[in-house]
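After this come two complexes, each holding chain A, first together with chain B and then together with chain C.
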Partner chain A sequence: MTRTRVRGRLPVGLVVPAVIGLAFLLVPLAGLLVKTPWTSLSTLLSAEVGEALRLSLVCASLATVLCLFLGVPLAWLLARSGLPGRGFLRALVTVPLVLPPVVGGVALLLVLGRRGLIGEHLDAWFGISLPFTTAGVVVAEAFVAMPFLVISVEGALRAADPRYEEAAATLGASRWLTFRRVTLPSVLPGVVAGAVLCWARALGEFGATITFAGNFPGETTTMPLAVYLALETDPDAAIVLSIVLLLVSVGVLAGLRDRWISGPS
Partner chain B sequence: MTLNADLRVTRGTFTLDLGLTIAPGEVVALLGPNGAGKSTALRALAGLLPLTSGHITVGESTWDGADAFLPAEKRPIGVVFQDYLLFAHMSALENVAFGLRARGTRRDEARAEAARWLGRVGLDGHARTRPRSLSGGQAQRVALARALATGPSLLLLDEPLAALDASTRLQVRSELGRHLADFGGHTLLVTHDPLDAMVLADRLVILEGGRAVQTGPPAEVARQPRTDYVANLVGLNFHRGTASGTEARLDGGSTLTIPRPVDGPVHVVFPPNAVSLHAARPEGSPRNVWPVTVDAIEQHAHTTRVRLDGAPNVLADITTATLADLRLRPGDALWAAVKATELHVYPA
Partner chain C sequence: MSKSSALVAVSAALVLAGCGSGDRPATASGTVTGDVTVFAAASLTETFTRLGDDFEAAHPGTRVRFNFGGSSALAQQLGQGAPADVFASAAPANMKQVTDTKTITDAPRTFARNRLAIAVPKGNPGRIGGLADFGDAGRKIALCAEQVPCGAASRKVFELAGVTPRPDTLEQDVKAVLTKVSLGEVDGALVYRTDVKAAGGKVESVEFSESAQAVNDYPIAPLAKARNAVAAKAFVDFVLSGEGRAVLGAAGFDVP
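For the complex of A and B:
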């Protein structure tokens, strides 16, 4: 506060919108907590809720693994390969970030659907059909969440000093060995942060999932879908599902607090 | 197995054009100001930068040439980088073992060999220490052990002592000298510190503007500099001129009397402590005497170095007693005198 006095009063033009903004973000969450039927909570935690939660956690985790497998090498390619047109590729990678997820779901259907460009062959040759299956949920979530991972890892890679990789090369390490033993460990915090963001995004995924994978309880009904459905028939159940999702999200934030929340004060 | 290199690299407006031969066991220092192309030469030898033209051969094998390029990981080299670039997530031992593992040594053998190298550089108790917990001198020794552990045929040292403080530097320099004496391969030391180069190298190559301007054993380079940069490094007054008989007409237009008759283009050097300063024109025979004005005064440990403008410009080292006598200030007019016998004159 001494600092405030030295530098004059805080400008009203900044403080008022800031406080309104803070309220805008926090009041809905508070409302959720206030409206929760805490006393009857245990009876509302039905088998369907458990099923949806299990499905959500499994799918989000599988989607994150898929994103790690594909996204980390993609981030490396963007940051290190010296490939021509990297800037354009990077812009393309971020498209799913700004794309409405429903559109993403439609696009996935067009490509991987049973009549889709690739889906047709998957069905004909291997008898694999992704839409309206649990695997489809994973694909839809990964599609929407992967840019978060790629951007986070690429940022970490670009911040990492490439001369360490040169040092590894002078010691006889191939690029693959260098990546595994030198580059990856040095950007591990970025990979972890990216994976957590990716996982949280996948957990909350709604639009692409319902479009591409539909809504079959026990198979493709994840938590966000269950919340939306419950809201029409049983609002209390929707609140309980929302509270569970809120707790999981806050848990993720808590896990990331060192990185994202406690910035320089 | 002599290393033979003709390094030509063009980057934008800068061109490196350097011929380099290093015999087995020889330590060559590449000495030059910032931007002279030292790092470019080192990177080209390491395989981190392909040559634009020219070649690098070691014995029978070609590392870089018209139709062959061996990437860094295939060259038998060891590099000590200026800031060491130790891998922060590995212990000292794992850092040293890394090169052996990368080249296919079995894990336990690599670790045993790495431990021997840590012992050899005097870091027995630090096998498990992470780089960030090592002192500057210790980190430098780990970097040296890491570079030597794979038994390279070419050792490249990039300003290996630049990151150390003065007291550590002295000790690490003499240790480095011992390891270089034991090392049977070719060594190239890149530095801008003349002392490192003089103490550690068998031969100096002075690089300026991408070209070698002088090469020779340290003692010869120190005695007979051929450029202002080298003269400045070794702390000598340096002038170019044309001699006829016992008179040398310097490029600036002034003349100096020289000890022995010579004819043709020459370099004239003399140490700053051979210059005496006087308030009035001194009397006496075969002396070079000319008027000067004080430009700057620098205090060193036991002497005072005075930078003087005149024809020619000159550096003079004077004692503190003389300084007190003359009460020098920038702008003061004085007379400089140098005995002809103090001048060292050699053909340009």
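For the complex of A and C:
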């Protein structure tokens, strides 16, 4: 891939805040690394940690799939449909971003819980109860993470040139065909970036998960829950768990970045 | 800008002056005045807020400030040098964490005991009759995680009763367990008796015989580095007094 080199000196007004920003984000991470009891690392890694890590990765990935399935069409609706009141809808979509996750978990319980508005019928008609199940973890994570995907995809859609879609339409393509063959490929980088954000948010989710899905090893105990409970008795173990989660997530994201998001940089 | 910074400076000076004039006569003559900062377990929120108001009324010129939280989190904060005058813990283990770091000189004293209670949603829809029902996989059960004091106490109770519980969730603190009960998400849970009382009519309680055998001791102690040692000691004495015991007893604590 060819890269165009930016010529001239780097402006100080940008470099200084950028370096401070980088330090602000990385120094806490360095603090965690410094405090990590590397020597006792292996003894603190138990089978339960492996299980929590597996559960975290599986649930975050399933939540991302769910978000893609529902979120991309939602983003399209907000960006392209000409629906009245879209601005208001867009604001509503971001509610899970500002809602404290624990409150989100309570809201999910009130709707999907055993006595919730919808959950009551799910339980009575189909015998489905989401709280305290792995499916509940996926639902909680998707609830919190979906706005990241929707906003990212919607931004990409609004930045994309609608003339290609109009051209496709004048050539006789249906809206569905246009969406699949023209719109989606043109905003793919935005979809991938949104999915990555969504996955990362889902992986770190704590509040909504523990409130809605509870905490039971092998069933609903994801890494953030394990970290929180380890902190109660053994801060060293909590640090080790955090490091494991960090390394795995950074590894996955860096791997994905090289593979998928190889735009000009 | 300059007006507000001047205001900050003046109020800071006032605060400093207040502290100075408060501290000095206190150490000289033994009168109780000034600020006292209390780190207390979350389960003490209602009772200690009440006791703080009573203490301020009994000692004009004092102000009690609270930091409520999980006992283990508070112990960690104190270990990291958080400024406090008094520590009241929900478990002796967390008090020991603090005494081990020499931040306490006086021996901690037990001021209250809490016992566990079975909490069920209103009307007891899961028909929980006692601890034995906690071993039934068909019922939804919430317990505290073993890492927190109420979870450790729960384990002791089940060992005494010879029941192997089949919980669906192990919550991070007792208030989270209570939320699951009051929302009707679980059929039964073990919480503290004081939590059932504090929840009002939203949850019901089922008696069980082993509860008296697994009690949680709440220790309290003034901290060695207290900035207001006289008031710290006075507050501890107040909690242990007849007046303090009455408030704690009314909230459902056993008082020694």
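The rule we apply is simple: the second predicted complex is superposed on the first by the 221 of 265 C-alpha atoms of A that agree within 3 Å, B and C clash if a C-alpha of one lies under 4 Å from a C-alpha of the other, contacts with A are read in each partner's own complex, and residues count from 1 in each chain.
Just so we're on the same page, a contact is a pair of C-beta atoms (placed from the backbone, for glycine too) under 8 Å apart; a residue touches a chain by one contact, two chains touch by 3 or more.
Because the structure is a prediction, the values reported are computed rather than measured.
Touch criterion met: A:215 reaches chain C, while chain B stays clear of it.
After overlaying the two complexes on the shared chain, residue contacts for A:207 are found with neither chain B nor chain C. Once the two complexes are overlaid on the shared chain, A:101 sits clear of chain B and of chain C alike. Look at A:185: by the touch rule set out above, it reaches chain B but stays clear of chain C.
Comparing chain B with chain C, more residues of chain A are touched by C. In the superposed pair of complexes, A:233 makes contact with chain C only, with no contact to chain B. Residues 106, 109-110, 113-115, 131-132, 210-211, 213-217, 220, 225, 228-233, 235 of chain A touch chain C in their complex.
Across the interface of their complex, chain A is touched by residues 46-48, 71-75, 77-79, 81, 85, 87-89, 98-99, 102-103, 146-147, 150, 156 of chain B.
Against chain B, in their complex, chain A makes its touches with residues 161, 163-164, 166-174, 177, 181-182, 185-186. For chain C in complex with chain A, the touching residues are 70, 72-73, 76, 140, 142, 145, 147-148, 167-172, 176, 179-180, 183-185.
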